[in-house]
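Following this line, the structures themselves.
The two complexes that follow have chain A in common; it is paired with chain B in the first and with chain C in the second.
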Partner chain A sequence: MTVLGYLANGLVFSSIIVLGSIGLSLVYSIADFANFAHGDTMTIGAYSALVTFGAVGGLGGAVLGLPYGFFLALVVGIAVAAVVAVGTEKLIYEPLDIDSIGLLITSIGIAFIYRAVIQIRFGADFTRFDVEPLRPIEWLVPYGIRVTLHDVAIVASAAVLVIGLHVLLQYTDLGRKMRAMADNPDLARVSGIRTKRIKLWTWVIGAGLAGAGGVFLGLFNQLSPRMGFNLLLVIFAAVILGGIGSVYGAMAGGFLIGMINQLTPLLSRLGEVLPLVPDGFGIPIGIEYANAIAFVIMVAVLLVRPNGIAGEAAT
Partner chain B sequence: MSALGDPRGALADLTRPEAWVLGVSVAFLLLLFVALLSGALGATYFLFLVGLAGMYALLSFGLNSQWGFTGLINFSVAAFFGVGAYGAALMTADSSPIAGGFNPIVGLIVGLSVAFVLAVLIGIPTLRLRADYLAIASLGLAEVVRLVVLNERWLTNGSAGLRGIPSFFAGWPVLSTFPQTMPGLRLEVIPGSPVFLEEPFWRASLNVLLVLAFAGATYLTLRRAHRSPWGRVLRTIRSDEDLARALGKNTYSFKMQSFVLGSLIMALAGVFYTHLNLYVGPGDLDPITTFYVWVAVILGGSGSNRGALFGGIVIVTIREGTRFLNDFAVPIDPAPLRLLLIGVLIVVVMRYRPQGILPPQRELIWPSAVDDSGTPDRPTSGVREQKHSDDRDGNGPNGGDDDE
Partner chain C sequence: MDVADRRTLLKLTGGAGVLALSGCLSTTDDGDGSGDGGNGDDGSGDGSGDDGSGDGSSDDDNGDDSTDAYEIGMVDSLTGSLSAFGERNQRGVELALQRVNEVGIDGRDLELIVEDSESENQGGIAAAQKLVNQDGVPFLIGAVGSGVSLAIYESVVQDTDVVQLSQNSTGLNLTDFPGLLRMSPSGRTQSLALANLIDDDGYDEVAITYVNNDYGQSLTDAFVEAWDGEVAYNNPHDQEQQSYSGVISEMNGSGADAWLFVTYQAEFATMVNEVFSAGYEAQFYGADSVSGDNVLENTPEGSMDGMKIVVPSAPVEEENYQTFASEFEAEYGQQPTSWSAYAYDCVMNAALSIQAADEFTGAALQDTVRRVSGPEGEEATTFEAASQILSDGGGPDDVDYQGVSGPIDFDENGDPVGFLQILEVQDHDYEGIGFIEG
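On to the complex of A and B.
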C-alpha cells in the first residue's frame, strides 16, 4: 500500500477514535473521573445496533452502500448506549460517596458487568453486521487507496456528529453550561446552573458518541464483547494527548492517535517514504505493536506535558 | 500468640465483620472437609486450589504494599506476575527458546531480577504522576509488556507458551524425590468411596508447603516493615503526600521503594505459579489478572494483609466455583459469569463498604502501643493513633526517626 492508502485508513480509524475520545474527555472533565467503562459503552452501542439491524432489516434503499435500516440501527445504538450510561449514573455513580479514585475503580466493575452481560447473551465469538462487504472504490485504487463506501460513510457520519457537537457546545445554552461546568463546577453551581442535570446531559452526549463509535468500529472491523475494552486504552491515549477536559483537544488527540495507529507499518519502511532518509532505513516495529506505540506516547505526554496539546500550561 | 493463650478473650475482642468472616470461613472449611472426606472433592485438586489461593494472597500482599499502604494505583499487576512467571519458566522449562534446564532457584532469582528492573523502569516515569494518570499509564505499560511477550517469539515462544516446567524442588536433595518415595495411601472414611493419596497428592502438598513458606515470609516481612518508621512514612504519603513532603521526606523515593517491593512480591507469586501450573502462556498476562487482585484487595480492605488473604480465597472460590456451577447447576459459560461476579463484587463493595470487609485495625500498630480497652465497634479511620498521640509509640505517622 502507498502512503496515501495508509493515510486514508488512518482517517477512517481516527473517526472512530475521535467519537470515543470526545465522550471520554467530556465525562472525565464534568463527572471528574476516568471512566473505564467507556470502552464497553461502545460495545453496548455496537451490539444494540446489531440486534436492531437484524430485526428491521434493510428497509428498502441504501446510502453509501449502507441500507436505511443500518442508519436506524445506528440511532438505536446511540440511544441505548446513552440510556445505559444515564441509568448507570443514576443507579450506581450518583449514590456513591467516594472520591474520584473510588469512582474509577467502580467504573471497572461496571465495565465488567456490561461486557459479561453482552458475552452471556451473544457469546465470545466475533460477529459482523449483516451488510454486504463492498469492493474498494474503483477510481481510488490506482492511487493505492483501498477504501470502501462504508469507510466513507464512517468518516462522513463521524464528521456530522462532531460538527453537531461543536454547534451544540458553542451556540446553545446547554453547551455553554457544559463548558462552564467543565471549567469550574462550583462556580457553575453558584451561578445557578443545575449541575446535576448538566451531568446527565454529559453522560447522554458522551455515551451516545461512544455508541456511534462502537457501531462504526463494528462496521470497520468486527464485533466481539472485548472490542470496546481493547480500544479503551487507545482512546485514553488520545484523550491524554489532547488534554483531559478539552473536547477539541480530544478530537485532535483522537485524530493523531488513529493516524499513528494505522501508519505503524510505515515505520519499518521510513527510508522509502521520507525524503532525505537513506532507503534502507526503518524502525523495525511491526503492526502488532501499533497499540503499544500509542501507550508509550501516552506515558510520554503525561510526563512532558500532562495537560496535553490543547490543555493550559502545566500547573 | 494471644489468641492461643486466651482464646475466649480473643474471640470477644473481634469486631462484627471479623466475627462474620471467621464464622463463614469456618463453615466453608467444614464444607470443604466434608467434601474431601466423601471424595466429592479430589484431595489433589483441593491442594491445587490451596496453592492458587496462596498465590492470589501473595499477589494481594504485593498490591497491598503499593495501594493499601502507599496509595499507588498500580494496574500493572499482571505484568509483574507474568514477568516473574516467564522469568522462572524461561530458565527452567525444556521448551524454553533461550536457556532452559536450569535449577528452579536460578529461575526464581532471574524472575525476581527481571521484575526488579521492570519495576524501576515503569516506576521512573509513572510514579510522579497524579493518581488517576498513574492508573491509566500503568495499565498501558502492562499492555506493552503483554504485547512483547505475545509477539517476541524468539524470546518467549509467543502464543504457544512454555511447557515442560519442572517442579520447584527438582534437584533438591530429599524433596525432589519426595512424591515418588511416599507410599500411596488409601483412606476409606465413607464406605464405598475411598480417597487415594498418591504421587500427585504428595507433589501438590509440596507446592502448598512452598506457597505457605512464600506467603508466610512475605506476611511477616510486610508486617514488620509497615510497623516500622518506613511504613509510617508510606501511610503518611497515602493520606497526604504534601504533608509527607513538608516533613522533609523524599516521597518519590519512598514511593519507588514501595512500588519495587510490591512488584517483587507479585513476581514471587508468578514464580510460584509457574511451578504450580507447569505451563505459562501470554494469557496469564491478561489485564483480568490485575483486576482479580484488585478485587481481592478492596474486598478484603485496602491496607489490611489479613483482608488480602481473605480476598485471595474469595477470588479462587469465584474462579473455580463458576466452573463448578457450570458443570452442575447453571448452564452459563463460566468466563462471563466470573466477569459478572467480579464486576458486581467491585460495585457492591464500593457502594456499601468502600473500606473493605476487614479494614486494618490493630495490625498497623505495635500491640504495646494499644491500650486494653478493646476494639471500637465502628472504627472511623481504621487506625487509632490520633487517640493515643501521647503514648510511647503511637505518636502518629510523622513520629519517630526514619532511615533517610
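On to the complex of A and C.
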C-alpha cells in the first residue's frame, strides 16, 4: 500500500474520531465535566440507526453507495442520541448537586446503563447495517488508494457536519452564546444569556455529533454494544491533544490521532517514504502498538504545549 | 419532610435500579463472553472454569463388599465466564451417569459430586480441595479453563495419587504435565493440522495474524514450529479494535498467498470486511475460533469462499457418536456440542477405570485410567460392551473404549488423540470436507 493509501485510510478513520471528539470537548467546555458516557452515546446513535434502517429499508435510490433510507437512519440516530443525552442531563446530571469529579464518576455509571440497555435489547454479539458491501473504487486502486464509496460518504458527511458546526459557532446567535458561556459562564449569565438553555443545546449538538460518529463507525466497521466504549480512550486522547474544551482543538486532535493510528505501518519503513532518510531506515514497531504510539505523541505534544494544540497558554 | 422523604425514596429506587442494571450487565457480559469467545477462550485456556463434583464416598475402603456407590468428583464451571461450557458439560455428564448406572460397576452405582469453580483459579482450587480432602475422591474430573485445570493440578493433585482428568482444557502448556490428563485435544494438534493443510494445498509462504493473548500466541508459535515453509508475515493484533486495515494491508504487502487467522469471530469479521472493501485476494485459513454463524451473517456473500478452518470435533460420522447425539437430543431437545461429548467420555473413562482397578484408590486408578481406553484390546463403543469385557475376566488392556468424542488413547503426556474436522467455506456456508486424527 502506498503512502497515499494510508493517508486515505487515516482520513476516513479521523472523520469518525473527529465527530466523537468534538462532542466530548463541547460538553466539557460548557457542562464542565469529562463525559465518560460519550462513547456509549455513539453506540446509541448507531443502534437507533440500525433499527430505523431496518424499518424503513432503502427507500428507492442511493447516493455514494448508500440508500436514501440510510441517511434517514443517520438523522434518526443523531436525534435519538441527542434526546437520550438531554434526557440524561435533565434527569440525572442536573439534579445531582456534586462537583465535576462526582459527575465524571456518575457518567461512567450512565455509560454502563446505556450499554446494558443496548445489550439487553440486541445481545452482545456484533452485527452490521444491511447495506450492500462495496469493492474499492477502481480508478483509485492504481494510486494505491483502496477506499469504497462508503468511505467517501463518511468523510463527506463528517465534513458537512463539521462545517455546519463551524458556521453555527461563528455566525449564529446560539453559537455566540455558546462561546460566551464556554469562556465565562457567570459573565454570560449576568449578561442575560439563559445558560441553562444554552447548556441543553450544547448537549443536543455534542450528542448529535456523537450519534453521527457512531452511525459512521457502524458503517465503517460493525456494531456491537462495546463499539463506542472501545473508541472512547482514543477520543479522549484526541480531545486532550487538541486542548480540552476547545472545539477546533478537538477537530485537530481527532484528525491527528486518527491519522497516526492508521499511519503506524509506515513507521517500520520510514526510509522508503521520507525523502532525506536512507532507504533501510525504519522504526521497528508493530502495528499492534498503534494506540500506544498515538498516546506517546499526545504526551510529547503536551510536554511542549501543556494545554493542547489549541489550548490557551498557561497563565 | 415529605419532600425529603420522597427524594430519599427516589434516590434509593434509582440506586437499586442502577445496581440491578449493572448486575444484568455484568451477567450478560460474562455469559456472552463465554458464549461467543467460547472456542477461543477455551483454546487459549485463559478462562478458567471447572466444576468439581464429588460425592464423598464412604466406601473407599477398598476390597470390601460394600454396595454403596463409587464416588468421584468433578470441578466444573457452573458459574462465571465459562458457564456456557459448564452447562454443556453437565448435560453430557448426566447422560453418561445414566448409561453407567443402567449397567452398574460390579453391582454398584457411580456417583459424581459436582463442585463449582466459578470459572476462576481460586474457586477451582477450593472446589478440588473440598473434593479431594473432605470427600476423599480418588478420581477428579476437572476443569474447563486450562488455567484452572493447571492450578488444581499444581496445588491439589500433583503430590497425591488422585487421578485428574480435565474435560475441556485445550491449552498447549497442559502437555508439559503428564500427570494431568485431558479429554479435549491440545491446541497443538490444531496448529499441526493447519501447517499440514496449508502445505498440502501447495503454499510455501504464509502470512499470519493472531490475537494478542495467550491463546493466539501459543497456537501461532506451535504453527510456526510445525511449518516448513516461509513465514512472510507474523504479527499480533489487539482485540476489539475499530479497524484492522493496517494488519490486512501488511499481510497483503507480505506477498504471501495463504493467510492464516488465529483470532476471534468479531475481529475476524472486521478483517474480512476490510479485505473485501480493499479488494485484496488471498486464500484464507483459520483456527476454530474464527468460525461462527455471526461471522457468516456479517460478512459479504462470497468474501470468504474457499477458506479452510480446522475445528476440534467429535467423530460425527461414527455410529457411537450418532447414537450419543440422538440420545442427547431426545433428552435435551438440542444437538450436543463436542464439549458435552468430552465430559461424557470423562465419566465413561472414569467408570471403566474403576471397574478395571483392583481397588478404589487413586494409585490403582492411575494404573487403569489410560489402559481401558488405550489402543490395546478389543474395541468397545459403549459402556455396556466395555464393562462386559471386564466382567468376563478381561484386564484393563483387553478393552479399548472408543469414546463418542474420539478414540481417546491418551499419550505419554496425558493428551488424547485429537480429532479435528476441516471446514471449507462454500457458498458462504461451512461444509465439512474431512477429518484429521492426530
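In this section, the second predicted complex is superposed on the first by the 307 of 315 C-alpha atoms of A that agree within 3 Å, B and C clash if a C-alpha of one lies under 4 Å from a C-alpha of the other, contacts with A are read in each partner's own complex, and residues count from 1 in each chain.
The rule is simple: a residue touches a chain if its C-beta (ideal position, glycine included) is under 8 Å from a C-beta of that chain, and two chains touch if they have at least 3 such contacts.
Here the structure is a predicted model, which means the values were calculated and not measured.
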Fit-or-clash call for chain B and chain C when the two complexes are aligned on chain A: clash
Chain B versus chain C as contact partner of A:Gly87, first or second or both or neither: neither
First (chain B), second (chain C), both or neither touched by A:Ile108: first
Contacts of A:Ala34 with chain B and chain C, given as first, second, both or neither: first
Partner chain(s) touched by A:Pro265 [first = chain B, second = chain C, both, neither]: second
Chain B versus chain C as contact partner of A:Val141, first or second or both or neither: second
First (chain B), second (chain C), both or neither touched by A:Leu302: first
Partner chain(s) touched by A:Gly54 [first = chain B, second = chain C, both, neither]: neither
Touching partner for A:Phe126 - first (chain B), second (chain C), both, neither: second
Residue range of chain B overlapping chain C upon superposition on chain A, of 97-105, 331-339, 367-375 or 385-393: 331-339
Touching both chain B and chain C, residues of chain A: 109, 112-113, 115-117, 119-120, 123-124, 286, 288, 291
Chain B contact footprint on chain A (complex, rising order): 33-34, 92, 95-96, 98, 100-102, 104-106, 108-113, 115-117, 119-120, 123-124, 225, 233, 236-237, 240, 286, 288-289, 291-292, 295-296, 298-300, 302-303, 306
List of chain A residues in touch with chain C within their complex: 1, 5-6, 9, 13, 16, 109, 112-113, 115-117, 119-120, 123-128, 133-136, 141, 146-148, 150-151, 217, 220-222, 224, 226-227, 230-231, 261-262, 264-265, 286-288, 290-291
Residue ranges of chain B touching chain A (in the complex, touch as defined): 73, 125-126, 128-133, 135-137, 139-141, 143-144, 147-148, 150-151, 291, 294, 298, 332-333, 335-337, 339-340, 342-347, 350-351, 354
Partner chain A, residues of chain C touching it in the complex: 18, 21-22, 24-25, 28-29, 31-33, 35-36, 212, 235-238, 240-243, 245-247, 249-250, 252-253, 265-266, 269-270, 273, 276-279, 294, 297-298, 300, 303
